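Both of the next two complexes hold chain A, though its partner changes from chain B to chain C.
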Partner chain A sequence: MNRALQTISTRLFTRPVLPSSLGILPNAGINFIPCAWIRQHKLTDQQMRLRYKKLHWHKFYNDKWVQRRGGGWDEKMTPENQTFMQEVVYETYTNKESPLKDGPWKHGEYTTNPETIRTGVLGLKLGTLPQWDKKGRKFHVTLVQIIDNHVVNYTPPEMINFRTLFTTRPLRRDLHGKVGMLVVGALSSDPRKFTRAYNGLFEQAGIPPKRKLTRFFVTPNSVIKPGTPLYATHFRCGDYVDVQARSIDFGFQGVMRRYGFRGGPSDEYGATKFHRKRGTVGSGRKHKILPGTRMPGLMGNKLVMMKGLKVWRINTKYNVLYLMGPAVPGPNHGYMRIQDSSLYERKQKLTKDNHPPFPTYYPQDGKILDEELFSDDIYHFDQPTLTLDDVQIAPLTTRRTTAKTAQKKK
Partner chain B sequence: MMKIRCCLNPISRFQSTSSAVSRSRLTNDEIRQHRLRIYNNERQTQMERIRRVEKIEIDVEDPIQSTKLLMNKNLSTPYHCAKHLSSVLVDRSCLALIDDEIVWDMNRPLERDCKLKFLHFLEEKCEEQNRAYWRTCSFIIGYILETAFKSNYNVELCSFPPPQFQYGSFAYDAQLNIGDWKPTRDDLRCLSIQAYKLRDNDLRFERLDLTQSVAEEMFKYDRFKLAQIPYMLRLLSPSDNQTRLSVYRMGDYHVDITRGPLISSTKQIGRFEFSAIHNIDVPSYNETMQRIQALSIPNQLHLHYWTFDYLLERAKKKNNASIPTLTKPKTSDNKTDKIE
Partner chain C sequence: MALAFSNTNKFLLNNQHILRSVLILSVRYKQRGHIADHLVEHHRKLPLSKVKTSATEDVSQVNDEKNQNVRTTPHDFKYVYPDFLPNPIPFLRDRILEKLERKDMFRRRQQIDIPEFYVGSVLAVTSADPYAPSRRNRFVGICIQREKHGLKHEFTLRNIVDGLGVEIVYELYNPTITRIEVLKLERRLDENLAYLRDAPPEYCTFPFDMEPVKLPPGSGVPLNTIQVPITSTHWQYKWERHDLKGVLLPPLPRSVRKAAERYSEPWRQWDIMRQYRTEIHDEDRDEIFEDIEKHKQDLAQYRIDSKENIKIIRTRQKAAGRKAILDDSQQTKHSNPPTSK
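Take a look at the complex of A and B:
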């Protein structure tokens, strides 16, 4: 994530330009323009860390917007009354039709020229499992469940104060005034756990109140009507995905665990009072400690983005995505935002004919999906076993390295 | 909207001994002040009858502490006893139980040696407290109706039915004289806010027993109340030969006829929401009146707003409790009456 801004300058020098990123500048066709806001050099790690400090502490939902939790006191009700009220809560939300007057909203068209950004989805990290590809190689996969997602609200681009709201990704100035905001919620729950103001957010869409809310910035053609559910099939198998989540909270940690410093030797070598310390803190003749100097402090519990994770497999019954890698940020049962990847190479492959379900996946009445959907490369155990003929074995004899031959000559 | 009220009704059934004075030029406020004035005068005369202060012994039985107190006869109330013991009892107790039998108001003077217990809303058996609470809330609806409307509208209170939980709400029957007024949700909300203001003022409910003549003087301008008085008189204590009528005053604000005990003070009101206004036909008075319904919960009980809203939906339906009727006066001492 920290390399995002860095790549702008390198991209301009080396690769053909994606037309959207230079939409504002007057000479749109030329690769290199000497302009004030294009950086000519790379930023150091330290400088990147200082820039994205605010972004690290972004919260999916802040209680200052609308007070969320309410109730929770001991209502002295008889057990019969308690079970009765539980049934009432279930009944109010099972047969609810949307109270909105107008019918479904018109589906937009997927366009690559003015860039289209689809909604993301709120998921829950479940754990990791091993999977195997068609060559027999094992890799790890994180399961992410997309629980009870519904679109709660939409605000059009004119009503958005861009600079204050767009806090989840590095600021993309070219999107200013062009994106609307969709609020997506996960995990329906009892309205008696929340305040009246929070419950009112969901009344217009006719959904039960959700435990977790986030915002997604979306181009106006990929608007979804509030009240529609979002499923795991919002993505296809083989798509690439960006995941944002709060990393595991390690608390106050020293410099060795936090930044991987090497520290000092043990007591055995006579080291006095230098085993896990940082060492010097100064930087030459400057009479100050540079901002961003790496020292002990709170580690983890900050918003981290992992880009380009492949979706290997989808379970449609429980709405579970199998994402590449065991290192998806956050502990188990942590919430995460999942969006289409913003990596250049992955975006290039999406065209008008080949794009994920747009604006989202709507289940059709006749068509029922298989319970498990697999991408092309993955090996699933329904198939016949892999044989050694499928797999290439490296030859036993290897060429000698130059160093050994040089020794032998001597 | 000035209507000249002629209180001399052609139907002789409820023509009282003293004819009711027309209230064409008096506003609700002035009538209320008149009632309060007469209440004050009567109370003063009754207090002056107590020549000397006699002592009575009261045995307070409370799970926290049980003591014996020496209090003044006909002057001290259970509220004063509670003040001697603890502030928890003062705040939470709404009724008092004398000799494990008789339910007594907190602000009503004690007359003899007795055993005393304090009742509050969080006990296992709280039917008496709940009924007293809804009775008080009906009483409060009467006050709000008299004060909430503009001075050119004349509201005539009739009576309220006894509290019954199966109907989902408590009510007050009154002649609003407004014509076809369908209150919106915001109008009902404004009425409810008046009740919350009473809670902040912490008004006490005091009881007074009146003779027929004093009662008729007090309700000179209320034709419905005047008609009810002969049917409400009862022998309240064996030592007294005169039949009396029990009347309650809320703080310094409002006086009304009720029989049963009311709670200690308006501080104990929790949520109070007006739910609906329905029209009812009253054959006894030969009129169509309005029944104003509301729902309330005491302060001690905490309910989530969602559950309360669900109960409010039930309270909006028409309350089928008994319509105000004038039963014929029996010759025996115990007279039947329809108001609690």
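Take a look at the complex of A and C:
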């Protein structure tokens, strides 16, 4: 009897909860929209695995991709030769003719009717900091640094086979056949660490080989020439952003930590052998365990998408974005894909006149940006202390409308 | 009439937040989608990351900007500026994160005078309160603890108001704090005075209209060697296990004393790694100290430029601890401006 109640209560309380750790003043009467949403996959991991059985769901890489890691053996060079080789490598890339000499490709126009999707950017999670808004409320902010991003390659939609491409991150059905693929790379490194085939991918773009590559699917009007660098100013302060990253690896975890089950009482209350268990696993009628029952297993270390994060500040010197929330997925120094938000309310606000730099931010020689850009709501520490004299508080009402009085009014 | 000691096994630690991250002690070797910490710095400094058509400065020049003549940082730096100490969890540290954090901290320190204070000194903090009729809330109390690092640095003030003990945790860099004044600057024998909750009330009561105590010029920060007796019957933590020096414990039964001996860690005084983790080291130290020196120059310039502060008077002579810092640099006037709330 007890155990049946256990399972019922665990099911009631294990619904995912909206993050409400944004420091909202309860009685201030100020509207504060919670903005971070975690996408709930419609299919469980097991169902995804069954669906993509043919396409090697368990492999983290594709056999058709080019082998990346190379070198690593001791070439037995003298120290002078080693320094010489390093200098040669640095010189080839500083003196290389970049394809941007002929100028960037023609800028497309930003349209909202046939929607436009811009590129994303590859960033590195640095850590969290507290910040305050102009009403004195504290919130946490994640810093993401965008370390030498370059566009590596573009394939137009006609050359992409949409049927076989999407294994790990499915694309919207209405975009099939209409989007091109941009490959963006981050963290330039020494070509001696990679194979010749991998280095060949970057020759056309004229950039040193990158440590990490991703794909972004963009509409043909937001095409960027390979070789262009991408900066943090690709986004504007006050814009909303979707972040995709691999979450922290917790390893093999039990049901209490993994799904938030309540477990059982401690030994103090005489509980025998039931402290952190799952309880019942099936029902009385069906003689099987339903697929998808929550049990202990590997937790974390999988792709998580977090939508609607606001960009509060941008630091142009170090290319750092300040994103809303401390709960951005991934450990410190973890890669993140950052894109414009796909939430309906956030997309509605972008029009032909009010849109982020399209297709990306190109630095102009005459114009030098401020080192730090702020959104309108944030308090930056150059301002004087916040004296909340302007804040109006909703007055306490003595009358309370209960159901009865509401009915009487009607 | 036996004294009842705490039944719970709670142990008070100065860094309690470390306990919560015990699960994620370090990044697991199976974790994918991240790079090793040393590689991040390597990539930031690589000449390959220089782009011809960049509008931003080269981050690789950071190392070259360092001054050739290295200043000797004073030995008591970590006591005077505990908020500049690094994150005790080393794998959560990042150079750029700390640099940007320090920038914000210095900017805030230009707006408000954040004085030097220690655990055991009596402070009066005025903060902006939208619910009060005068829009200001002033609280006086003794500083019980100072926790966390960087912008998150907090300190708790304790006082007894109308017979009820009140503790308020203030964030040092919260922009709603309008004024922090030190009414009585002194140190105690312990870093954490949470035992005052179990002490008689006269040790934590401070009148709200207390006048600031002026120290004689040239004196160091006085050390109050008071031994606070613990008289309450129920203790919040097991004080006998904490190696507290400013506390006068009542006579304890033998079992309690034996348990305290079992839980004691006398080797901690030789724990070099723990000390290493709480300190700033040579590479970062000079950088941080330079930033502080630069901030002081900026602050002096800011004070000259701003029209409001006409005259800056030094209310009390700097303590001996702070003299060491000022020896190297120019004499910067630094005090509480004598204005009303």
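Some notes on this structure:
One rule holds for everything that comes next: the second predicted complex is superposed on the first by the 311 of 410 C-alpha atoms of A that agree within 3 Å, B and C clash if a C-alpha of one lies under 4 Å from a C-alpha of the other, contacts with A are read in each partner's own complex, and residues count from 1 in each chain.
The working rule: contacts are C-beta pairs under 8 Å (C-beta built on N, C-alpha and C of every residue); 3 or more make two chains touch, one makes a residue touch a chain.
Given the structure is predicted, the values throughout are model-derived calculations rather than measurements.
In the superposition on chain A, contact of A:68 is made with neither chain B nor chain C.
Contacts of A:334 after superposition: chain C is touched, whereas chain B is not reached.
Judged by the touch definition given at the top, the superposed model places A:211 against chain C, while chain B stays out of reach. When both complexes are overlaid on chain A, the residue A:310 reaches neither chain B nor chain C.
Of the two partner chains placed by superposition, only chain B is touched by A:199; chain C is not. Set side by side, chain B and chain C differ in how many residues of chain A they touch, and the one touching more is C. Of the two partner chains placed by the overlay, only chain B lies in contact with A:85; chain C stays clear of it.
Of all the residues in chain A, the ones that touch chain C in their complex are 28, 60, 89-90, 93-94, 98, 100, 124, 126-127, 129-130, 132, 136, 138, 143, 145, 147-148, 187-190, 208, 211, 229, 231, 245-246, 248-251, 257, 301, 315-320, 330-335, 363-364, 368-369, 379-389, 391, 393. The residues of chain C lying in touch with chain A in their complex are 23-24, 27-28, 30-37, 40, 43-44, 46-57, 59, 91-94, 96-97, 99-101, 104-105, 107-108, 110-112, 128-131, 135, 150-152, 171, 173-178. Taken together, the chain A residues at the contact with chain B in this complex read 70-71, 73-76, 85, 88, 191-192, 196, 199. Residues 122, 301-307, 310 of chain B are the ones touching chain A in the complex.
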